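Each of the next two complexes has subunit A plus one more chain, namely subunit B in the first and subunit C in the second.
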Partner chain A sequence: MNTLFSTTEKSFFRESLIKENISECLRSDGRDFQQLRTLESYPSFLNNCNGSTRLVSQDGTEAIVSCKVQLLENDYKLSEKNLLNKLVNIDLSIPDLDNGNKLLIQIEDSIKNNVVSQLLGTETLKVTAKYSFQLFIDILVINCNSYPLGLISLAVYATLNNTLFPVLLSQDDDLLVEQVPQFHDHDLKLIKIPCPVTFVVAIFGENLLLVDPSEEELQTADNCLIINYVMGKKVVGPVRTIQFNDEYTKGFNPLVLSKAMKLIESIGEEVLQAL
Partner chain B sequence: MSSSQKILTVIKHDDDNIKIAENLQDFEGNINENYVFNSSDDDVNMKDISDEDSDEENIENNNLLNQIISPGDLVIKSSEYMKGHNTYTTQDTLHSTSNGSSDEKKNNDEINIYSSTLGVLSKINKLISVTNINKNLYQAEIGDHIIGQIVEVTSTKKWKLNINGNNLANLQLSSINLPGGLLRRKNEQDELNMKQLLKVGDLINCEVQGVHSNGNDINLHTRSLKYGKLRNGALIKVKMGLIQRKKTHTHFFNNNSIKIILGCNGFIWVSHEKAAAETVNKNKDAESIKTDITRIEQDTSFEIYSDINDPSIDLSKRILISKYVIIIKILAFNNLVINEQRINAVYELILSYTSSNTLSNKSSNSKEILFVLNDFDIMKDIAYQLVQGEKMRG
Partner chain C sequence: MSRFEFFTSEGLRIDGRRSGELKNFESSITTTSNFANFSRSTSTNTTYLQMGQNKVLVTINGPKEPTNRSKIDITKATLTTTINISKFSKVNRNTNKSNLPDKQTLEWEYEITQLFSKIVVLETYPKSTISINVTVLQQDGGLLSAIINCITTALINNSVQIYDIVTAVSVGIVDQKHFLLDLNHLEEQFLSSGTIATIGGSDEVCLMRIRDKFPLDLIEEFVQVGVQGCSVLKHIIINQVKDMNLNKLVEIQ
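Our next item is the complex of A and B:
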């Protein structure tokens, strides 16, 4: 991250993207405007986790996500949201950034909110009346060459879709009976946890929107949007903006927002299916 | 065109799970071996220390000085030595317990010094450090044509440049051409203007002027019109070994419209070059009006330090630049040495790709071909064809 570019390089990249006619714009790596970078994926590659994914992006950034499941006794004093916040634990580490880094906390929060928001009102993690599954999602990003949120969220999505949970053998109603739930020794089942995928969209001028911008595009964009998409053709909140440069950053036309959402709605499903 | 219209291409490695498990086992085996090796080494040291204290240094020299140390290896276990570059220490309780009860007292004030890089040991008095022998770092030689990026403007009439080496290189104010082409001693005013000439982040095309103190102190110069600030293009970083030292590192392609500078330090600059005809005309004008020669020289040298790209670069030229960037990426991806012949050969292969795979859309929108070429399989395929072609020719 924070690769140093020379002024002339930046203006060269920006000049190729700021054109009145969209057909004259060109991304530096030749991608289509709505095209994501090619990914290499290694699903379920860790044996000692309930679910894991390794995604390698074309620019060399590598996201490794593992998910472990534990049993936790419910605390009835907590509200549903607080309980879920306790049940979903996210730990993100990027070797280049130290622990208290603003960017790190922001990415961590954004992923956590995404997972929690989709679990609210559902009983996906509930085992019995007294016990719930607790998720520990560990994320490691190595060789981080550009803003990794998009890659991380794809990896988390893929992980939560291949996470296997132990099968309950004992009764699921233990409110009156004092009993610790018992699980099958070997049998595991797949519980799909819905999780939104985050897209980073770079805004160039009035018309041009770039999905999954590379580092040089981030550093020359007017502004960037963070948009969450969940399966079933809809964009869910919050939509946020983020800036990566001081030189070119400026406000944008609100109409761009709706355009960006439509764009994400149109490509979201294909991306999720490709994973 | 199916692959270029795909929004996300994912290459899945489902079958590799077993392999990874096997690799992990191998890896664990290796660790065990290393550990045994390490501990036996320690034992030797321990014995020596307890037996004859006077011979300690000799034996350490024999053990460690002729050896390549990998990251995480125990370099030395002692209370006397200090840790230097590329080493670290830990409070390793496991080690001390495994070494047996007799040594426990000694271990209390001993520290373990580990290496954090691949390299060879160097010892100056009581300072232990490891010298990096990473081949991906650039070792400067006098006369090399390289590309550097400015990371610091110092107050001592110097720019510090990142040249992909162990240390930063120096570009002295006295070894650049002043705007205006004047040949004179640089004064204080020039020192104040340093930031206007070259800023942090600027890419400089330069030559190694001198290497001092065992390759740690590198001086650069740009005292020629072919060197200077780089514009109108994009930088690619490749592995050091992919570029060989040649007579010339500046190559022209596609009717001289594309200039590629293969820096010896693994930085490659692909840029657009103004059509040759224009410069020829300029020269002719200059010849005819001899009095204006100096003025033209001044104009060109002022241009050297401008930050503005040539506005005449249109879409087709940009596509061409991107194409050459991808060609270099293909070569680097396949670990093939990058030179003029290969770039030309790959360019021809790409042309055939364009006509065979994407007949329908080729003329209307040639930028769509670019992403097709980013595909790993196609990259491998092109390299295979290239190597086959070279074999045929011998």
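Our next item is the complex of A and C:
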């Protein structure tokens, strides 16, 4: 992150992407326009967590996500959304950045909103009438070379899909009986928590959209979009813009938005199946 | 007498090892070959070490130009170490809110920096910095020794010049007479133990760290057992580094 490029370098990156004919445009790392960086994935590699994933991106960035599950007594004063906010805990740390950094807070928030929005109205985390599962999702990013949200959300998606929960042995209706839920000693079951995956799309001019931009593309893009995709339901909100440079940033044609959504809809399925 | 029998009369420990047996030692290297990436400001070699249930990741940045001019040393390189023990590394999650390291970690950082500034040939890299970043993903007794072994392997993998290989091992004492090598976390909790590091598998001890109460009359034997363990570990590390780099070579070709 924060790699400084000279003006010449930037204009070289920019010129290779702004061409009248789209077929002449070239990405600096030779990828296709809608191709993500190559990923290496190591699922469930920590055995004292309920679920974990290590994703290594082509540019050396590593995202390590672990998910731990605890039991929490429900607080009836809270509304459903506030309760879910209490049940889902996200903790992101990037060794070079300190705790209150805005980037960390923004990424944490966006991941948390994604998870909570899919859990609203469902009873996935509910154990009994009185107790729920509390999720602690810890994210660690090493060697961070560019904006890591895309990689992190893929890692979180993979983790929540391999998280194992303890199996309940006692009754699930304990409103009238004073009883702490009892779990099987070693048996675990898989509960898939739906989670949207976030794609970062860089906009260059009227026609060109780049999926999963690298640092040099972020520094020279007109604007960037953050789009969430859920398996089956296609693109979900919120869609927002984000900027990484002052030099080239400008407004974009609203028609690009629908184009970007179509693009994500066409590639999303394939990306999620690969994980 | 604690409620565990750490060393049975048949000579077996809790996890079924013999007294002088080391834990499973496995290290691997992740290289991301990306020649076209212009933004690559750091080396992207990550060394991953698994020593029993300890899982440690080390990345080494450098030798490179320091960001701060005041850090430049004209005659030799400066070495910095940061250790990041992740919150999920223990069975129960650490609820400490801040990301600041605790006192023990700061002490280890200092000790490791002192140790490796004598091991790395700093004079070959004047006016530059080498920073060692350690990430602990999972811990089980003998964490300090795992960190030191992983840093050594990472330095070799990153082709930083070193005088010799440093290996470290933890040793514990049962019933004032049996010495256990390479402890797991149960043993570390209940026994008096220490960590020993030697240079190049010889008898030169370069780091010794003893926790809590320790019978001083046993220290000679304690060091002997540690030194033996270190020399065994040195051969394991050499073999693994050779294998790793052969694999890397095959991948490149």
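Everything that follows uses one rule, which is that the second predicted complex is superposed on the first by the 274 of 275 C-alpha atoms of A that agree within 3 Å, B and C clash if a C-alpha of one lies under 4 Å from a C-alpha of the other, contacts with A are read in each partner's own complex, and residues count from 1 in each chain.
Just so we're on the same page, contacts are C-beta pairs under 8 Å (C-beta built on N, C-alpha and C of every residue); 3 or more make two chains touch, one makes a residue touch a chain.
The structure presented is a predicted model; accordingly, all values stated were derived computationally and were not measured.
Participant: Please determine, from the superposition on subunit A, whether subunit B and subunit C clash or fit.
Facilitator: Overlaying the two structures gives a clash between subunit B and subunit C.
Participant: When the two structures are overlaid on chain A, which partner does A:29 contact: first (subunit B), second (subunit C), both, or neither?
Facilitator: In the superposition, A:29 contacts both subunit B and subunit C.
Participant: In the overlay, answer first, second, both or neither for which of subunit B and subunit C A:271 touches.
Facilitator: The first partner, subunit B, only.
Participant: Please indicate which partner A:9 is in contact with in the superposed arrangement: first for subunit B, second for subunit C, both, or neither.
Facilitator: After superposition on chain A, A:9 lies in contact with both partners, subunit B and subunit C.
Participant: For A:99, using the defined touch cut-off, is the partner it touches subunit B, subunit C, both, or neither? Pick first, second, both or neither.
Facilitator: The second partner, subunit C, only.
Participant: Output check: A:68 vs subunit B and subunit C. Expected answer is one of first, second, both, neither. What do you get?
Facilitator: Second partner only.
Participant: For A:58, using the defined touch cut-off, is the partner it touches subunit B, subunit C, both, or neither? Pick first, second, both or neither.
Facilitator: Touch status of A:58: both partners.
Participant: So in the superposed three-chain picture, is A:39 touching just subunit B, just subunit C, both, or none of them (first/second/both/neither)?
Facilitator: first
Participant: Quick one: is A:155 in contact with subunit B, with subunit C, with both, or with neither? Answer first, second, both or neither.
Facilitator: Once the two structures are laid over each other on A, A:155 reaches no partner at all.
Participant: Going by the clash criterion at the top, which of the stretches 8-16, 44-52 or 224-232 from subunit C hits subunit B after superposition?
Facilitator: 44-52
Participant: Would you tell me the residues on subunit A in contact with subunit B in one complex that are also in contact with subunit C in the other?
Facilitator: On subunit A, the overlap between the subunit B and subunit C contacts is residues 5, 9, 13, 28-30, 40, 45, 47, 58.
Participant: Provide the residue numbers of subunit C that touch subunit A in the complex, in ascending order.
Facilitator: Counting only subunit C, the residues touching subunit A are 30, 32, 34, 36-42, 44, 46, 53, 55, 57, 59, 82, 84, 86-88, 90-91, 93, 98-100, 133, 135, 137-138.
Participant: If you look only at subunit A, which of its residues touch subunit C in the complex?
Facilitator: The contact residues of subunit A facing subunit C are 3, 5, 9, 13, 28-30, 40, 45-49, 56-60, 62, 64, 66, 68, 70, 91, 93, 95, 98-99, 136, 138, 140, 142-143, 145-146, 214-216.
Participant: Would you tell me which residues of subunit B are touching subunit A in their complex?
Facilitator: 4-14, 16-17, 20-21, 149, 151, 162, 199-203, 229-235, 307-309, 313-315, 318-319, 322, 325-326, 365, 367-371, 373-376
Participant: Mind pulling up the subunit A residues that touch subunit B in the complex?
Facilitator: On the subunit A side, the touching residues are 4-9, 11-13, 15-16, 19, 23-24, 26, 28-32, 34-36, 38-45, 47, 58, 211, 267, 270-271, 274-275.
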